[in-house]
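Input: structures, listed below.
Two complexes follow with subunit A in common, the first pairing it with subunit B and the second with subunit C.
Here is the complex of A and B:
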């Protein structure tokens, strides 16, 4: 397994885009570019707010229904955090190019088959947010997202955070959650069969992962969170942006 | 900026600003700069990622950042490209893929209905933004409305246009660009005996003109390199020495 568990990002590396970011996490690498506010086509123009256009391009081939589905999910999530009323009658364009997806070593990847749409969603959302921050577009908050699978473990069931493709395939249900930096749930997508209790459990694991307590004075809770696998994405966004701003404003 | 801030304060969109950081002045009203949003009655929220800067003397607070697309603001000096002209207006492009700004043909020094400047598509103008709001196209002027003088604004003839980052344009336009902006590249080039003129647009453009084409290219490249490689004052001096040596 050569899946990187630590997130990595590169900001503002594309010359001709207003903002850009490359983000890699758990086997996915996505390049994002943001342009905006720019002139919008007449038919997409909204009189009171900016139109948000999300384009997802797969690693191989041309986009299809799968990409349209992801685009609609990302679009409706992002327009809640972008201050769209600041730029009426304009367009904010977000292009997300997938470059790497994790390989499932149990399946012959060359055989075309219907697979789940959702596993790539957290990586796409994270890239989009980093690109928007790089483009200095006004936002109300940032967001972090995570994926979970509920896997049958003998009689009982366990929740796996950031599951591998194999784990997703053998799982009974798969969930994606996104939280804003104000710890509010902004996106919840699930597939497979699950009970409300399982969903609640997955939700609480996701909430602990995406909204880690900022106060570090309580030693006990810190120990519990330390046992959670996966990276602290909230802290990751902050440290990445701090590095970028420090180098941008080196003259200050 | 005037204050000696011991540490940088980073903010992300939606972060809470420590109330102790917000300057309070007994008389002056608080002035909010770019990157901040006031949610009535009394909430102040950053909307971009950047460094929070305050100026207690002016009682102002803003977020300093670099990047993104130029959004016109009243009072900014910009370099625009004439796109086309109509009977009363020139339509001027400030950045690519955005709607054109309008520049009235009479907003030039000494312009009357009979003697108006003739600008062809592609001509460059140095102008001030006099109207900018989100619902309307920005409006420009090349003349001071109170004095009727051009004050250096107007058509830019000859020379060459270079693209720079918005942060670099801001540094070059600072009143004390050497002390506060830490850019000495233009001063050093001038001290090295080169004769040239420049105009900096807040929309990320710098126009350079000289009698010698070589000088134009050298100055433009020096500024672009300073911007892209984020050179320090000493590195800028070194770069200028190297470029001048290569030219002669």
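Here is the complex of A and C:
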């Protein structure tokens, strides 16, 4: 099985949604669509801010309790970065459809509830942010999200970035971290068995990954990405949007 | 007098009209002589004490009622047998190959369910499909049951000795390497969690109830009857039901972060970490942190960290919170005994 190690994205490719994006990274592909601000149902209406509604659809089957869990995590995270105060009594709806998930070649996984909920979370968050940017909704910050596993390597332990399903299964602990573009930790989900010290190590690896030193304000100076072990997602979001804007303004 | 009376609000009215300023005024009293406390009278880091009552249900294999403040949860564990011949794609477990998969997960041997629509709080209407909160809770409990590896598949296997007399040597290790012994059936544990009353912090109390109920669970001695091709259980008088073996004692601890600014904040505002939030506090806080810890081996072992909804808690606060969770672990362990 080939897993693309470079993130790929396609922006504003759905005609009828306000904003849309397809994002694929480390075996996951997610299509996201954003509509908003739109009219809200009376019972969901909030008098002073916009209601944020997230719908996650799995690659196979219908959504179950696992999708509700992911939705509630994504909803509470996105509510923090969308300027909900600007759109009182409206709804911002985010639909995330998973299209590809990496296969675990060691087990014949069942469709429902067989594996952990967390590995898909970074891809979902990343797609949601790209769709929101494509919908031109005002945000306080963008997000970068990464997953890592702590794997026993003989006596010592090593941290694997963007682990494969097999690595997650054999790992001792699995972590998902999300940082805002102001380098603040906004979401942390970990499971397995670990010490606070190990969590700290995982945290600092994730922080290096998600919050690279930002001397990139003037566009294309940061070319020495070789020091980073994985893809620079912050830079990726920026360059994807720059490319999109450049092609949109090509007629000028 | 009449005017001052009509302008003065009782604290209950104040709490209903504007809950956020009410909690803020309690935490940050204008009069410095008044001690800062939460609306429920607790200190920010003070949790409600647990009380545990075991074996409350007569027809379950194990049950427990756990109460923490006004949140009361009853959990019942009931075992049912599942024949391996009825499992699709069944693969017999091999002693040497652990990596092949997790039987508990593959065959769904643990079935937790959370019921919130019992009239436990005004915002959960009875007779409606499970709310998002109920579904989220049952997923989190399900994945914690598996990721903590609290139970072992060995306890839930029902063996049959091919050559020897049935029903012998099933708790002993002997015969494991021999080929004559085979797994004929499994126990499936239905773990039902019912909220009797709900006053915030559902996850901690539900998990505590599950732990207490599983510790109370005693499964009858089951054996494979060759002639009838059935799993039969011995009477408790004939052979004592055996308890499950458990790995450690994971305890959950949740805190909510209350910020002084009600609307979206810019820059840093003042905040309070409210351990074990009640229903009012939960409705006012966006950010929550949950940590599941196990101190049985001396050193604090973390099993789950879940933090979402805000940017206040960073690594430094998380380390501090691990100590709070460790004290909560001690409280729960003493409540169990």
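Please note the rule applied: the second predicted complex is superposed on the first by the 231 of 252 C-alpha atoms of A that agree within 3 Å, B and C clash if a C-alpha of one lies under 4 Å from a C-alpha of the other, contacts with A are read in each partner's own complex, and residues count from 1 in each chain.
We take it that a contact is a pair of C-beta atoms (placed from the backbone, for glycine too) under 8 Å apart; a residue touches a chain by one contact, two chains touch by 3 or more.
Owing to the predicted nature of the structure, the values given are computational and were not obtained by experimental measurement.
Of the two partner chains, subunit B is the only one that A:139 touches; subunit C does not reach it.
By the touch criterion defined above, A:170 reaches subunit C but does not reach subunit B.
Of the two partner chains placed around the shared chain by superposition, neither subunit B nor subunit C is touched by A:156. By the touch criterion stated above, A:41 is placed in contact with neither subunit B nor subunit C. By the document's definition of touching, of the two partners only subunit C reaches A:84; subunit B does not.
Of the two partner chains, subunit C is the only one that A:190 touches; subunit B does not reach it. Shared-chain residue A:241: touches subunit B; no touch with subunit C.
Of the two partner chains placed around the shared chain by superposition, subunit C is the only one that A:69 touches, whereas subunit B remains out of contact.
Touched by subunit B in one complex and by subunit C in the other are residues 83, 140, 180, 182 of subunit A. Listing the residues of subunit C that touch subunit A in their complex gives 89, 99, 101, 105-106, 108, 132, 135-136, 138-140, 142-144, 147-149, 263-264, 266, 286, 299-311, 313-315, 318-319, 322. Touching subunit C in their complex are the following residues of subunit A: 48, 64-66, 68-69, 71-73, 76-77, 79-80, 83-85, 106-108, 110, 113-114, 116-117, 140, 170, 175, 180, 182, 184-196, 199-200, 203. Interface residues of subunit B facing subunit A in the complex, by the touch rule stated above, are 1, 8, 10, 12-15, 35, 37, 45, 47-51, 64-69, 71, 97-99, 134-135, 167, 171, 181-183, 230, 232. Touching subunit B in their complex are the following residues of subunit A: 12, 18-19, 35-39, 81, 83, 86-90, 133-142, 180-182, 237-238, 241-242, 244-252.
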